[in-house]
Each structure stands twice: as structure tokens, then as C-alpha cells.
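Here it is, the structure, as C-alpha cells.
Chain IDs A, B, C and D follow the sequence of writing; residue 1 opens each chain.
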Amino acid sequence: MIIIMEEQAESSEIKAVQDRIKSEGFPYHVIRGDEQIIISIIGDTRLIKDVPFERYESVSHVVHTQNSYKLTSRDFKADDSIVNVSGLKIGGNEPFITMAGPCSIESQEQIMECARIAKEGGAKVLRGGAFKPRTSPYAFQGLGEEGLIYIRKAADHYGLKVITEVMDEANLPLVARYTDILQIGARNMQNFKLLQAVGKTGMPVALKRGIAGTIDEWLNAAEYIVAEGNFNIIFVERGIRTYETATRNTFDLSAVPVIQKLSHFPIIVDPSHGVGEWDYVAPMALAGVASGASGMIVEIHPEPQKAWSDGQQSLNEKRYLNMMAQVDVLSDTMKTIKPIQNDI
Amino acid sequence: MIIIMEEQAESSEIKAVQDRIKSEGFPYHVIRGDEQIIISIIGDTRLIKDVPFERYESVSHVVHTQNSYKLTSRDFKADDSIVNVSGLKIGGNEPFITMAGPCSIESQEQIMECARIAKEGGAKVLRGGAFKPRTSPYAFQGLGEEGLIYIRKAADHYGLKVITEVMDEANLPLVARYTDILQIGARNMQNFKLLQAVGKTGMPVALKRGIAGTIDEWLNAAEYIVAEGNFNIIFVERGIRTYETATRNTFDLSAVPVIQKLSHFPIIVDPSHGVGEWDYVAPMALAGVASGASGMIVEIHPEPQKAWSDGQQSLNEKRYLNMMAQVDVLSDTMKTIKPIQNDI
Amino acid sequence: MIIIMEEQAESSEIKAVQDRIKSEGFPYHVIRGDEQIIISIIGDTRLIKDVPFERYESVSHVVHTQNSYKLTSRDFKADDSIVNVSGLKIGGNEPFITMAGPCSIESQEQIMECARIAKEGGAKVLRGGAFKPRTSPYAFQGLGEEGLIYIRKAADHYGLKVITEVMDEANLPLVARYTDILQIGARNMQNFKLLQAVGKTGMPVALKRGIAGTIDEWLNAAEYIVAEGNFNIIFVERGIRTYETATRNTFDLSAVPVIQKLSHFPIIVDPSHGVGEWDYVAPMALAGVASGASGMIVEIHPEPQKAWSDGQQSLNEKRYLNMMAQVDVLSDTMKTIKPIQNDI
Amino acid sequence: MIIIMEEQAESSEIKAVQDRIKSEGFPYHVIRGDEQIIISIIGDTRLIKDVPFERYESVSHVVHTQNSYKLTSRDFKADDSIVNVSGLKIGGNEPFITMAGPCSIESQEQIMECARIAKEGGAKVLRGGAFKPRTSPYAFQGLGEEGLIYIRKAADHYGLKVITEVMDEANLPLVARYTDILQIGARNMQNFKLLQAVGKTGMPVALKRGIAGTIDEWLNAAEYIVAEGNFNIIFVERGIRTYETATRNTFDLSAVPVIQKLSHFPIIVDPSHGVGEWDYVAPMALAGVASGASGMIVEIHPEPQKAWSDGQQSLNEKRYLNMMAQVDVLSDTMKTIKPIQNDI
């Protein structure tokens, strides 16, 4: 941490800052420039990030030269982490992975049909919600354990893995019994107790970016999980809240290279929530492949008009299969050009 | 709900929409204009809000004419709800209430000193966090139950009520034992399980607006609480996330008249988090009084430079007392001009 | 336009709305549902968009069923418009076009070198600013006409077209003398006088999305140009302002399919401004190709460290050439999968 | 400017940065800490703000310790600037000033009636647009010079000053002939040519904050005006664009204390555009008074339902007069509490 003080800072003011650093137990250097006095604090200054040095007299700038996350960082681990989902590998140079399924699990038949379609398109993971976070208390909240039973059965039938959301600590043991990947929803990105709890399970966790989450907060949210010893994290970009209303969210694809630069964990994209309109999903799925993402999660439904939730953004069978054919071609092409990219 | 179809909609397309409405069990009218065909659905259409009518062929617009919240709405209850905190009344024409205290409870001495200052300035409620939601897992997370014991003791000593945050369902019984008001933090505005749990306690709940929460989502979050039978809700405007970095958040004071128009529950303001810089807190506190808010919650610290968290936005004793003297004068003035305002 | 009135609206209130519609010279229908009274106004209601019907007593909703833009809309022209830049075609099924060059024209040598690099990578258009909109009045404002002379010479030498920004009406004749495409910068998206002026030239116009412009405003800005008879418009997505600071802007690639759905004019992308960091430019350029954009505009510099502006986001020769090799491969692939996409 | 390099920076990398600083003609110091190497550049580093030092190898942080604006800053002039509008003083300890009038000048009768109402409520300045920036080219664009003649006549009749918007350089001489204050609209906050042109007139300029303008950009926009020698600037906070749709904009009242801290120029507020709904205007006007603003600008109309533009946010006579009675009481109170505030 670097503290920049104004040139005209008085000795007593400089001493006040020094005393505070000392009382926190940190060594430091004071450097006098022509226009500023600079105090450089040495060591793991994450621990004194909250000290309000800005509040001391004549302090003009405080520069945090260290990230507040550690184990999540590329600095901690330079090579890509591969998340292993019961044998299915995600990240690094592994093939592009698709997770597909309905927003909500509605019945055994519906999820079985979704699994069939998902499989046919080449998806490796079946998605579907049994516990749904809904803006209104009067909206459908999910089938609960019944839904979990249905999705597990459907996935097993078609040889798929399962991803489903866990909304609270109380239901975690139940959800963990049925799923391969625990999904943390956007509204829970900073539900720190829940992050710690899924961290303790050691299971693969798909961590969605918060509705208006910064990338820095997102990396710190991952740190809550990894700090519990769980290195099986998959970031999921799902769009952020902006002023634009032409799409449900603003799909921030630049998060892909940013996360890949700052962290060793894989990132996948969710074009369905990213745009919220079925006819924009395919182009954004392709853009996701080209951005270098490790995979995607996408909403499908045998009859989107009859979906109990997210019908507007769900793809029907034909559209999903067409998109997947395109995705296959594109991800093959991406493999051939990746080496060039790495060379840059 | 009103569904507007394009003029050239075919009979089969109109029938598809009608069939869907019927299958949902709702009566409707079809009205043919010169340029549109309009289908008006009758009844409590909150229950079919998720049906993706936009997805049916030739549907051009779907208009939701009902809010998704009900008991929270002014339509449900026209007169102001007064929240009773063990005898202290908040809302309606009750006096402007101040809640003051530190961000974190740090020690018995610190919270006792904060209580003394809070009381001297005229605050009626003591704030202070024992469980702190922190972006980084390495930041101070609060003293836990120890902190709760300290704040209760300090509040009782000075005849104040207590407000403190509850972060998860597991800790709710513990927190409820010590506090008068349960605070739901910004990151938990859509932690629906927690909202239901505090709803069940029947205790006063201070519901902070989410970090990027819309007013509509906020009203729906309240609905989760009130749907459990708990009508003791206080909205807390604490600033929203925008692109502007000159302040920690953008303090949206217009939420005060908006909430007062749409809901019967009181709203108070949090200028400390609203701006995040101590020297902007007093002007925004005064603006909050003038906006017609029912009260405010503000961060103070005997020595803000030594605060374990939020030191940058905490007021010291002198500044807090000066501000409170101004707030008193202004809220007296507001009482004299309120009748004119109601006449508008 | 549809006006929805509350069920309990009184005759006099309904009459007030009707009288207003009549006085504006529009025919209408009144339709009585069980819960609402609906007034459907017939004709080109763009002309009465500003009438504050919401303000009339018992009006609950006003639905604008027509866009405020007309000639820009797909409804007006179903097939893709191809913009012809002195023989170079942009849009529709034409090949993906790259425009490359420095942020600022700095000297004859610099722009000549940029042109060489641009050409080698396969770009067809040379970019470079002679008049620069700068946040601070003390920043470099561009070489003016001198710069225009330099860029024209460099482009002609390498057989490239020129795109450069015009900042004000006064300089338009000068800029038009040297350039093939007039660029309207993000800060000028709603400089309506300038839009009308470039509209009158009939020249190709690259219309950047405003710094926080909505897609609807952008389409209306295009309408200012096309209303003057100029159908040579290219939309340029360059990122929007959000709360996220990890990138300079938030690159909204979903604008590509949205604009393609709503308008017949081509859209290209600007990954350089979209992300603002050179190492994120290539992945976003590829994502742009995959999103279906008709081209891109990208910043390059022989020595980015020495660039007078935007050095942080400019690509050097090697990185640009690598990226272009990837772009070529990807755009070839996209051609093979496009038919499938159209089938959806 | 402070450049922080990584500890492991090689000599050649440090030298590259030093060479660049030298070539720009600036002296500097190199300081070696234990974990960083710090280079402190001396002098007016505004001039090298664009040098992409971040791009040099092993540079970890670049800290700009100087603002890019100068004459606008409190550092340049510590005491409040008072803007003199033909004898009417705005800013500092001068009385709170109200500017009132319609969005658009519609006729001589309409603006005369507005002037009568404005005057009766105690406004000192008459507002009204003759040239209107409109999202759609088909919307009413203003009466032009005819409108200017009307507003001047109405203002003179009631002894009011005039404020009206100038949209482009070409019309500036015309507008300047009729108005006392030149208004720069939100869409033109970064129309730098126009800023320079109004700067050259020496006339009072009301500079609206951009639709999504940062406070830093706003201060720099003012710098364009003051750099031309014009120190008669009034900042106008009018709300910023956010994701919230309950109000037309998000009214950022914290801009008042922020601007007052950073600049010596006065700031007034525009609650009409800030919220966009007539029934929220009065509470936000009062909040504006309490925030310490030097005045406000507000939209009124004899018959808001018949307004040609902004009818939704315009106050009718009764509501305006009621609000002004409240504003008077509150601004009187503010005078009595201001000394306390200054003491803080």
C-alpha cells in the first residue's frame, strides 16, 4: 500500500500516519519527493485495507497495490485450473462445454424431454431449477426436492451431469445429494454465508456474477469459496444491470478475457440471461465461443410458450439444435486459432 | 393484463393466445380496433405474470396493469403504516427519528461511547454491526454474539433501541434476542429465504435497498416479509450503484416520495452509505429531512480514523452534534410546511 | 397508441382524453373492458408522442405501439441496406470489413506507417482523428487540416478508404473534402444539428453509439440523418458507460443482433473503445465477428507507448497482424454457418 | 504524477520509463522501496496525462495526483464565485434563486402567463426553450427566433431575467441577443466547440450535467468555458441516467456538496428533469434547498396537460405556488443554520 501525502504536510501529520501504521504492526518507508511525501507500507496489506488513511490530515491518495483476493488470483496460480465434474473437465484447453436445460423443472416428463434435446445438441450438463429465486413471493418458487429427483433421473438416463441452484444453507445438504455442480445465483453472489457453506462441500461451484456485481467483487466472492479449500470454481457471466432496456441485461462478454487474465479458474457464459430474448441468444452464444469462454449455459424448453418461467429467453428444440451445430463448427475453428492467440 | 396483437394477426394466432388464457383459468375480452386487436384479461393477473405471451405469434405488446406486490401497496392500505419499535413510533406524522452508531461494534467501551454520543445528539436508536457482510473474506467480519451483548448493554444504559443486521437465517434467533429492529442489508435485499424468516418473527424490519435494486424489486422484497404477516417494515434508502465514482454510491433521494406514493410503509434514509464521505453526510442528511423521510440512520464513531470499518464515512462527535442541531431545526420547519405539501 | 384508463374512470375524465385526441386531429376507438377502459388512437401517433396523456385523470397506462423512428426501421425496409463507400460495400452478405488506424494522426510518417500495417492486415479503411474531442481542454486536440492531408495521402498510397471524425458543422465542409466516411463520435450522437448537416451531405456516416446512449436513441439519431435523405449509415457499437471499472466501457455486443433486428442499416463494432485495454481487444474482435457484425474499427499504432492518445488500447503491428489472421479464419467460418443462422 | 513499478522491474524497464519522462521534458525522482519502485514526476503533469505509462513493462500503477481542470478548481480560487446576471447575483451567500418557466415556448400568451406565475411565486429568472433538442426528428423542435422574441418580452414585462438553451454555435449570436443566461443542455455537456464559443461570449452560462456525465467530466467541461476567460458559470444538476425507471433520471443531489467542495462556481438543481414526474418535484425541490444549492430551475405550465413537451413533469400554477411558499420557509431556515454547517 502506498500513501501519498501533500507536499505541505506537517511533521505531526506525517507522524500520525506513521503511528497508525506502526500500531497495526506493519513496517514502512517514508520517501520525500519534491511535491509529495510517499509512505510505502510493506507486507500483506490486505489486512489493513479498511484503515481509513484517507481520513488523516494531508493524505491526498491511498493506492492499494494488492488485490484483496489471493487464492483466486493468477498471481497465486499461473496455469489454468481445470474443474473436474465427476470426470467431465471444464477449463484450460478442454473442449467447449455446453450446459442446457429449462429455467424451472416443471415435471418428470418436461425435464426428461429437455435432457433428450440437450443431449442431442451435444450438451454435457443438464440445467434446471428446483428452488427458484423470484422477485415476487407470488411467483412459482420451484418444485423443491421433487424437482431434484426428476432432474437427477433425467440426467442419469441420458448420461448427463446436473447443475442446479442452491439458494440457502439450509437446503444445501439436500441439493448436494442430487447435483454435480452447485449453482450460486446472481442474487446470492455476495451471500457470504452461503459461499462459505458451498466452499466447505468441496463440490464444483458455478458462481454467477451478481446482478450488478463488479469483477473485483466477483473474484472476492470466489475467494470466500476457495478460502474454505474448494478449488472447483466456474465463473458464469450472465449480464449486468445497466440503463439499456432493449435486452434484459447487458451481456458483458469482456468479462471473459478479464477473468482469464486475473484468475486461473474457468469462465463460461450464459447468453440466455445475458440478453433475455430468444432471438438474440444464438449470436451471443457464438460470440461467447469466440471470446474464448470455456463453455456456456443456455435455457431450452420443448415448448417455450408453455414454460413456467423464462419462456421469453428459452430456445425450442429446432433453434437449440441449429445453434449447437454452429457452436460446434465455431469451437472447432477456435481450437485452430487459439495458438496464435496465446502467442500474443 | 392487456395483450396487444398486430392488426394482421391471423385467427389461429389470436386463438392460440385465447387458448392459453383459458388454460390458465382466466376470463378475457377480445376487442378489435382498427390497427390492433386487444385482449384484456380479467382477474388477479399477478398469478400469470410469467406466462410468455410476448412469445406468441403476432403479439406486439403485453401490458401488466397490476403490480406484482399487493399488501405493500398503497392500494391495499391508503393510510400510512406506523412501525412501533417497543413504544417508539416511526412513520406517518411521527417525529423524524435518528438512528446512529458505528459501522462495527468494536468493544464494550467503543459502543458505550457511541451510545452516549448518539443519545446526546437526540438519536432514539443505536446502530452497530455484530455480523458484517464484507467483500473480502479477509476483512473483519464482526464480533458476533459478543458484539450483540455489548450493543444491548450500551443501548439499555442510555435508553435507546437497538438496530443491527441479521445476515442469515441460522443466526436469526440469536440476533433477534438482542435487537429491537432487524436490519436486512443491501446485499440481502433479494435473499428471499431470509426475508421470509424475518417475516415470521413479526419484529420490526429495516429493509435496505439493494446495491442496484430497483424500487419495484424493493417493494416486492417487502412483500416477502409482509406476506408472512409482518407489517412492521421500514424502507431504508442507502444509495444505488452507478457509474459515478465521486461518491461511494449515488444517493437516490427521490426514492422517498416514490416509496411514499406506492407504499404505506415508512422510509428512512442512510446518508452515510449514500455518499460514503463524511463531509457530504450532513448536507445529505438535511436533504433527507426536507425530502419528507421519516428518519435517518447515520454512522458515527468517537475516533473515525480508528474505526475498524467505514471510517471514511463516519462522523465524529462534534460533527454529528452539529449536524443533529441542524436536523432538529430543519425537521421543526418541515412540520410547519407539511400541511401545505399534503394539500398539493 | 393505446391509452388504458382505470375501470372507475368517470365519463368526464374519459371525455377529457377524447377531447384532447380530437383536438390533435386523430381518430380513435373507445373500448370498455370489465376492468379497464381502453382508447385506441389510429394513425401516425409519432406526431403526438409528447402529449402527456399520463397526466389526465384516471389514465393508468399509455402504450406507444409505434417506434418514433421510421425510415431507419426494418418495418420501412425489410432487406439489408448496403453502404457503398466509393466502391467498398459494407453490410448484408458482404465480407467482414476492418477499419484500422491510430486514435490521432500525429505526423505524415506515423499515419503512413499505420496505413502500411493496416493494409498488411487486410483492412480496407484507414482511421485516424484530426479533430479530437477531449475531456480536458489542455489535452491534444488534433492536427486539424494538416492531419486530414496526411491521412488522405497515406490512404491513397495504400489504396485504402478514409474514416475520420467530424466534430462540428463549421468544419464539416473541410472534413468532407478529405474523407470517405464521416464519423460521428459518441459525444455527438445527439448533436442534432450536426446529424442533420451530415445527413445533407449524402456521404457515408459512421454513427457511434452515445457514451450512455440507448439503442432507441441511437436509432432515432440515425433517423435525423436519414430524414435528410442520406441512407448511407453505419452503426458503430463502442461500449457503454456502466459501473464496471475493469474495462474502459462495457462492450455491448448484444447491440449487434438488436440493431440487425430493428434496422436495415449495417452495424460494425469498435472493440478498442469497447474495452480500452489492448490485451482484451483481440478476443472482443473475434466475438464481434461471431456476433454477426458487418465489420470492425480498431486502433493500431506502430509504437503504442508513444501514442499521443489511446496508447493503452492500441495494438502494435505484431498483435494486430495476429488478430487479423484470426479474424480472417473466423469470418470464413462464419460465412459457412450463416445460412443456418438465417434459418432460425 | 506517481508511477509505481513492480519490485522485480529490471533496470532496462525502469530506464524506459525514465527516458519517456525525460523526452516529455519533465523532471522526476526515482525512489526504491522494499516492494516497489516509485517514480515521482514533478510539474504540471496535466500535460502528459495521455502518456500511456501503464503500457510500459513492469509498471503496476499510475496515480494522477492532479486534476485535469485548473481554473474551475477550489485550489485555484478558494472563495465562492458569484455569478452576476445583469445585477442578479447567484452563488455564495446570496439568496436561493428560482428560475421557472415552461419546457418549450409555445406562444406569446403562454410564455406571458408563465412569466406571471413564475413572478408571483418569487422566481427571478424565466426559463423556456426556443431551440429544443429532441430524441426524434419528428418531435416539436421549438419556435426558434419567434420564441426568443416572446420570452424576452414576457420577462421584461415582469422584470425577470431570461435563461434559454443554445444548441449550436451557428445560433449562438441569435440566442445571445435575447437571453441573459446561456443554457448548455445535458446532451451538449461535451460539445467542446460550443463550450468554447459560449466561453468567448463572457455571458453567464448554465452548464447542465451530461445525461451520464461524471462530475469530473462536468468540471472539465466548465474548464473549456473558463479557459476562454469566462468565469460566469453555473452548474445545473439535472439527474443522471441509471437503471432505475421509477423516475425519468436519478436525481443526484450529492453533486451539490461535491461540486461545492471541488469548485468555486455555484451549483443549482433541476428537480423537474431530475425526477420527471410532477408529484415528486416539490419534495426534491425542498431537498435541493436543504442540500445547500444556490438555486433551482423548475418547469411550470398554465395547463400542463396541454404542454407541447415535458407536460408530465411540469407544475401547474397552484402546485408551483404552494411549493414556492415551502421553498421560501425552508430557505429562510437554511440561512439560520448555515453558520453551523460552515463550522464543520
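As a convention for this text, contacts are C-beta pairs under 8 Å (C-beta built on N, C-alpha and C of every residue); 3 or more make two chains touch, one makes a residue touch a chain.
If you're wondering where the values come from, they're calculated on a predicted model, not measured in any experiment.
Engineer: Tell me, which chains sit next to both chain A and chain D?
Structural biologist: The shared contacts of chain A and chain D, listed by label, come to B, C.
Engineer: If you tally contacting C-beta pairs, which pair wins, B-C or B-D?
Structural biologist: So, comparing the two chain pairs, more contacts are at B-D.
Engineer: Between chain A and chain B, what distance separates the C-alpha centroids? Give it in angstrom.
Structural biologist: Whole-Å distance between the two chain centres: 27.
Engineer: What is the distance, in whole Å, between the centres of chain B and chain D, each centre taken as the mean of its C-alpha atoms?
Structural biologist: Taking the mean C-alpha position of each chain, the two centres sit 30 Å apart.
Engineer: How far is the middle of chain B from the middle of chain C, if each middle is the mean of its Cα atoms, in Å?
Structural biologist: About 39 Å separates the centre of chain B from that of chain C.
Engineer: Tell me, which residues of chain C touch at least two other chains?
Structural biologist: Residues 212, 216, 241-243, 245.
Engineer: Given which chains touch which, is the overall layout a line, a ring, a star, complete, or other?
Structural biologist: Complete.
Engineer: Write out the stretch or stretches of chain A touching chain D in their complex.
Structural biologist: Touch list, chain A to chain D: 2, 4, 27, 29, 31, 33-36, 38, 40, 42, 60-61, 63, 65, 212, 241-243, 245.
Engineer: What part of chain D is in contact with chain B in the complex they form?
Structural biologist: On the chain D side, the touching residues are 212, 214-216, 240, 242-247, 250-258, 261, 274-275, 279-280, 282-284, 286-292, 318-319, 322-323, 325-326, 329-330, 333-334, 336-337, 340-341, 343-344.
Engineer: Please name which positions on chain A make contact with chain B in the complex.
Structural biologist: Those residues of chain A that touch chain B are 20, 46-47, 49-52, 54-56, 68-70, 133-140, 167-170, 187-188, 190-194, 196, 210-212, 216-217, 220, 223-224, 227, 241, 278, 304-305, 307-312.
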